Amino acid sequence: MGKRTNLFLLLGGGLTALMVGLALLGTFWTPYSPTAMGAGEKFAPPSLAHLLGTDNFGRDVFSRVLQGMGASLLIAACVVAIGCLAGTLVGCLCGYFGGPADYLLTRLCDAVTAFPSVLLALVIVSLAGRGTAQIVVALGILFIPSFARLVRGETARHRQANYIQSARLMGVSHGRILTAHILPNLWGVLGPGVVIGFNNAVLSEASMSFLGLGVQPPFPSLGSMLSDSQTYLQRAPWYALSAGMAIALLILGFSLLAEGLQRRRRA
Amino acid sequence: MKSLLKKCAALIITLFLVSALAFLAFSLIPADPATSLLGSEATPEAKAALRAELGLDRPLLVRYWEWLTGFLRGDLGNSYLYRMGVGEMLAGKLTVTALLTAESFLFTLLLALPLGILAGSVKNPWLDAACTVLDQAAMSVPPFFLGILACYVLGYGLRLFVPGAYVSPEEDLWGCLGYLVFPALSIAIPRAAMAVKLLRSSILTELGRDYVRTARSRGASERDILLRQVLRNAILPVITFLAVSLAEIMTMSILIEQVFSIPGVGRLLLSSISNRDYPVVLAIVTLLSAWIVAVNFLADLLTRLADPRVRLG
Amino acid sequence: MKKRILALFLAVGVLSGLLGGCQEATPTDPIPSDTNGTSTQAPQKPAEIAVGIAQDLDDSLDPYHMTAAGTREVMFNVFEGLVKPDSRGNLVPAVAESYAISPDGLTYTFPLREGVTFHNGKECTFEDVLYSFQTCAADSVNSTVVAALSNVADISEGEGGVVITLTAPDPDFLSMAASVYIIPKDGTDQAAHPVGTGPFRFVSRSIQENVILERFDGYYGAKPALERVTYRIFEDGNALFTALNSGALDLVAHLTVDQVESLTNGYQVLEGTMNLVQAMYLNHAEAPFDSELVRQALCYAVDVDAMLALTADGHGTKVGSSMYPAFGKYFDPALADRYPHDVEKAKSLLAEAGYPDGFSFTLTVPSNYDPHVDTATVLVEQLKEVGVDAKLELVEWNTWLEDVYAGRNFQATLVGFDASTLTASAMLARWVTDNGKNMINYANPDYDSAYAAAQDPSHTEEEQTAYYKECLDILSRTAANVYLQDLADFVAVAPNLKGYEFYPLYVMDMSLLFFE
Amino acid sequence: MLLEVNDLTVRFPGASRPAVEGAAFSLERGEILGLVGESGSGKSVTALCLGGLLLPGAKVSGSIRLEGRELLQCTEKELRALRGRETALVFQEPMASFNPVLPVGKQVEEALRVHTRLSSRERRERALAAMSAAELPEPETLYRRYPHELSGGQLQRAMLAAAVISEPKLLLSDEITTALDATVQVQILDLLARLARERNMAVLFISHDLRLVRKLCPRALVMKDGRIVEEGPVEDLFRAPREDYTRRLIAAIPTRERR
């Protein structure tokens, strides 16, 4: 058992470190400017000069993938942050106070979950224009319900616990109970939620960019690169493969890491 | 029974909220349907006249009320763009998307159950680790990327199918299902991988339970124990997951319809949004959410049926 | 998402003999010069084809309510006017047997052709023609056509046929008349089931899936070789390409060079142009584009040749003003070279205009048409060289129509304009100071007077042409916009399908195609 | 002799000392033998070994002969044929020992399903008979019920019914009364004694509670840290315990009952 735990942590940690490292590198330095055209021939196959070849404008795909990963990670982090913070707030209040407001908010969360994500993104994009910030907001809103549900259940469970009941009897304020007693107990459920949410956020961002709603050109994004590359699938398969594999490896790294952490906790 | 009624009420409230949200969303979006209908060369008067004809000049609440009462009567309204009944328009598209969803779901089941059981019965720790890594990898590939890969490798490379040569189910049901195989697989593989992971860990948990020891002490074979005893328990969380998958698959099909150019509800939704064809969008959004909500309800119900402890409790 | 690609380009009319240039298919693969296209199809091959189109016919099929160029492209095969254009840009008689114009330019006589029947089997009569003109004048969504028809004083049935009298002479009237499609008086619901007199009849449409046309056996002219044409709709450009390349489609037009070069299925590739003026249109009401120096600097900064090389492997035709090569009479290739690529010159002009360190602006581009987005992407990169920072903002087509086109709320935008009728005025009227469609707020008294002189019927044709050319020169001289190109238009055709011809219009004529 | 155990040693990888070390004892047909010890003294491991349930990874040496057959030489397949037919195990937690999603009756007849070719109707009849023998009221009703609908005592009776249904020669009873109320405990003991007597079935009765062992078993073993430290008639153990450990076990019994 011990060996296996290490394996997943090692693989996942290694892969995540590699991908995040590359993404970080990409935000500060890339071999070529990711938007510079004619950095090489159009559709140059992978070579030493262009590790992942070039695209239809002769832009260096490796540089674009690096920067695209950075963008994906940043967006995912923001999305999860919004979802987690707002979700925790909503979930805490609902779970702690209960009542009709809780009922309505829970239904609202259900409604948002049932609302097609593309439509919400399009609404926000039509209102505020296309762009990175808009997509962060749209996805952030979509990520609130899952966190809210998680936190609500946990809070409601703790509310019944003896130590909370006795704290209430002692006249401790609601705010104090929430922040001092309940919040610290939420980390256990929030931790895995954040990792899973992160993966979902990377995937959602890629989907939105794939539909042209995310990061706007000329800035690279893995999803829009994948969408663009479809036309050149036969001529430049490395273009589609690079973008697609980058998304897949990013997600794989995190899920392996999560698996490893989960197994270690269980062991 | 009472909890069932409560759930039904929650279901209806949720649907109501979704339609209200959708309606509100449209009132917020700038650029009205008249512009997209009449194009660049129309006069402002013509646009105003069209707006009046479509009833867009009336207050939001009135329009919502009319839409809602119509919807409850089964009247989905008329498409601004195509000037035909939304119901009539949707019928064909729903069939396609339903077929795609059904086929994806079938593949998910066919892949997830045997592989999950296999993964749950692997004893060698190294083999098990390899399976898990493989499974995680399958989970991590976005369906639309899988779709693109399928087009490239299976479509162009191996010539197993002709990307884009879609046949409608009315023309040729089997041909249509045949075309949908690869889109369905693109959706099903990552989903199935998730189900495999869940089933595997569920089986492992169940294998550690006392009743398994009891069964062993009666001389039951490992295969018998797995299939007859453990699986019935291990499948419970998977049932919920699979039911929820039905909703996710529907959502995923929006993207996959793009990749494989399948004229389903997803594509209609996207184009109707950009055309500001609100009656169509509203109908689709409401029906989609109804589906999602209903599927969650179904998940609940199935779990109740499959688990005697909840069934009566 | 890739919707209504060319909705802006309301190519409806026809040139009225003004058009000198014509276009012929310039095949990359050899095709036979004989394209008389009458029933010579090989018997073993069913005379059916699948054509891929990039947008649904989702506006309306009613001939007077069609707005999208893509819809007109298909319905061109179903509807005809009294006259119709041919592939060389001439107007040829259609429902009318011929036409005659009185010397004062006020009376047009159209003798009706014998035996013209509608797709519903009814014979076409004067009543139908009258009904069509009246309905079009009242209903059409095209304000230009409506304006031209308001000039009609009377339509009567005379000895020679239909006689139309105008209140004032209009050199563009015949091309306007070509866009008044003749429909039956007591006809069906045209929006749902269009009925016309063309060589193909409308069979069915399936939303976002296909539109099916069939050969109309009662057609008065030469019978088309094809029996059935299925237009299959792919709103995603990549999906369209994938379907084409896999052989699921026989004909796809409006491909990009990258797509064409990625084709591996051995189809013939024909090259033409899109008949539009792609430019970065600048809002003259917004600083810094109110400065002529700045606009000229941008023109020097942009390297159109390099842009064409990057986006289209050098295909496409440079334009230096608001006119494209199909208008051979007015188009002046020399204007395209007025601002050669010169970074130093651009920088010094910017410095002179008070922007030594450049400036930044927002370039709004509709997201639905990839070639514009691609061009804009390259343009942004080129402007960086002179220190100008353009921020690309992609917007939905409807937002563009509302904010940019109607609202004039933008700094710069990159789109293509084509002619709503094939007349010079269709390209040039919009830049007159008080024109309602003067999106860029261009205000130049010299231009206004030159345009007015060109429109004056008392001038001879040569004089008019000279004035129109002067208009073009003024636009170029003042760098009204950063003029780029007329995009290359590629058509991929199945190897044994012959007879495709480019029109100077946004149409595909299915009646000319045949299998060899 | 039904069962002969010699020098049985069970070692788990990574453990500092064997779970069972050099255990040796024997059991006659129909005999009820007690096995007493603290938790962790190796009683349950011994029971599992005797039941033919080899624990994964465990190293087992010595000899276990059931009717002369050496269990430790048997293949898994041969062991499986023995389990449930020759030996039967009953465990401590009746609720956990039942599969929650299968009806009780189906689980009672499990051994028949595995080892015989009886039709489902015949199996059902045998199960109902076994359940009646285990003094379960209304066996027809309970047959269809799910485990969570039965009380702990009922479940343990059902478990005994399931154990004896295929007429095993040896019943290994591992703390079967521990999770039950005191009154129910006595009933279960009585039932066990009666079933053993009627079927001439040997029972290894494992418990940490000397009281129960005294009540049921004529003879008992005392186990400590994997070794059998004392063996003899149960009354002798009570009267004159030779080991300190046994004394402590006796001392743990409430005074009034010790006598």
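General remarks:
Read from first to last, the chains carry the letters A, B, C and D; within each, the first residue is number 1.
In this text, a contact is a pair of C-beta atoms (placed from the backbone, for glycine too) under 8 Å apart; a residue touches a chain by one contact, two chains touch by 3 or more.
Note that the structure is a prediction, hence the values are computed from the model and not measured.
Summarising the inter-chain layout, the chain whose CA centre lies farthest from the centre of subunit D is C.
A summary of chain positions shows that the Cα centroid lying nearest the centre of all protein Cα atoms is that of chain B. Here the spacing of subunit A and subunit D, counted between their Cα centres, is 54 Å. Here the spacing of subunit C and subunit D, counted between their Cα centres, is 91 Å. Measuring from the averaged C-alpha position of subunit B to that of subunit C gives a distance of 41 Å. Mean C-alpha positions place subunit A and subunit B at a centre distance of 21 Å. Of all residues in subunit B, those that touch two or more other chains are 30-31, 151, 156, 258-259, 270, 274. Looking at subunit A, residues 126, 211, 230, 233-234 sit in touch with two or more other chains.
Viewed as a network of touching protein chains, the structure does not reduce to a path, ring, star or complete graph. Here the touching chains pair up as A-B, A-C, B-C, B-D.
Contacts from subunit C toward subunit B in the complex involve residues 1, 3, 7-8, 10, 56, 58-60, 67-68, 141-144, 146, 191-192, 206-209, 233-236, 238-240, 242-249, 264, 368, 396-399, 401-403, 405-406, 420. Per the touch definition, subunit B reaches subunit A in the complex via residues 10, 13-15, 17-18, 21-22, 25, 28-31, 125, 128-129, 132-133, 136-137, 139-142, 144-145, 148-149, 151-152, 156, 251, 254-255, 258-259, 269-270, 273-274, 281, 284-285, 288-289, 292-293.
The part of subunit A that touches subunit B in the complex is made up of residues 1, 3-4, 7-8, 11, 107-108, 110-120, 122-123, 126-127, 199, 203, 206-207, 210-211, 226, 229-230, 233-234, 237, 240, 244, 247-249, 251-252, 255-256, 259. Here subunit A touches subunit C in the complex through residues 35-38, 42, 56-58, 125-126, 129-130, 211-212, 216-218, 227, 230-235, going by the rule given at the top. Considering their complex, residues 30-32, 35-43, 46, 81-84, 89, 92-93, 151, 155-156, 162-165, 168, 258-261, 263, 267-268, 270-271, 274-276 of subunit B touch subunit C.
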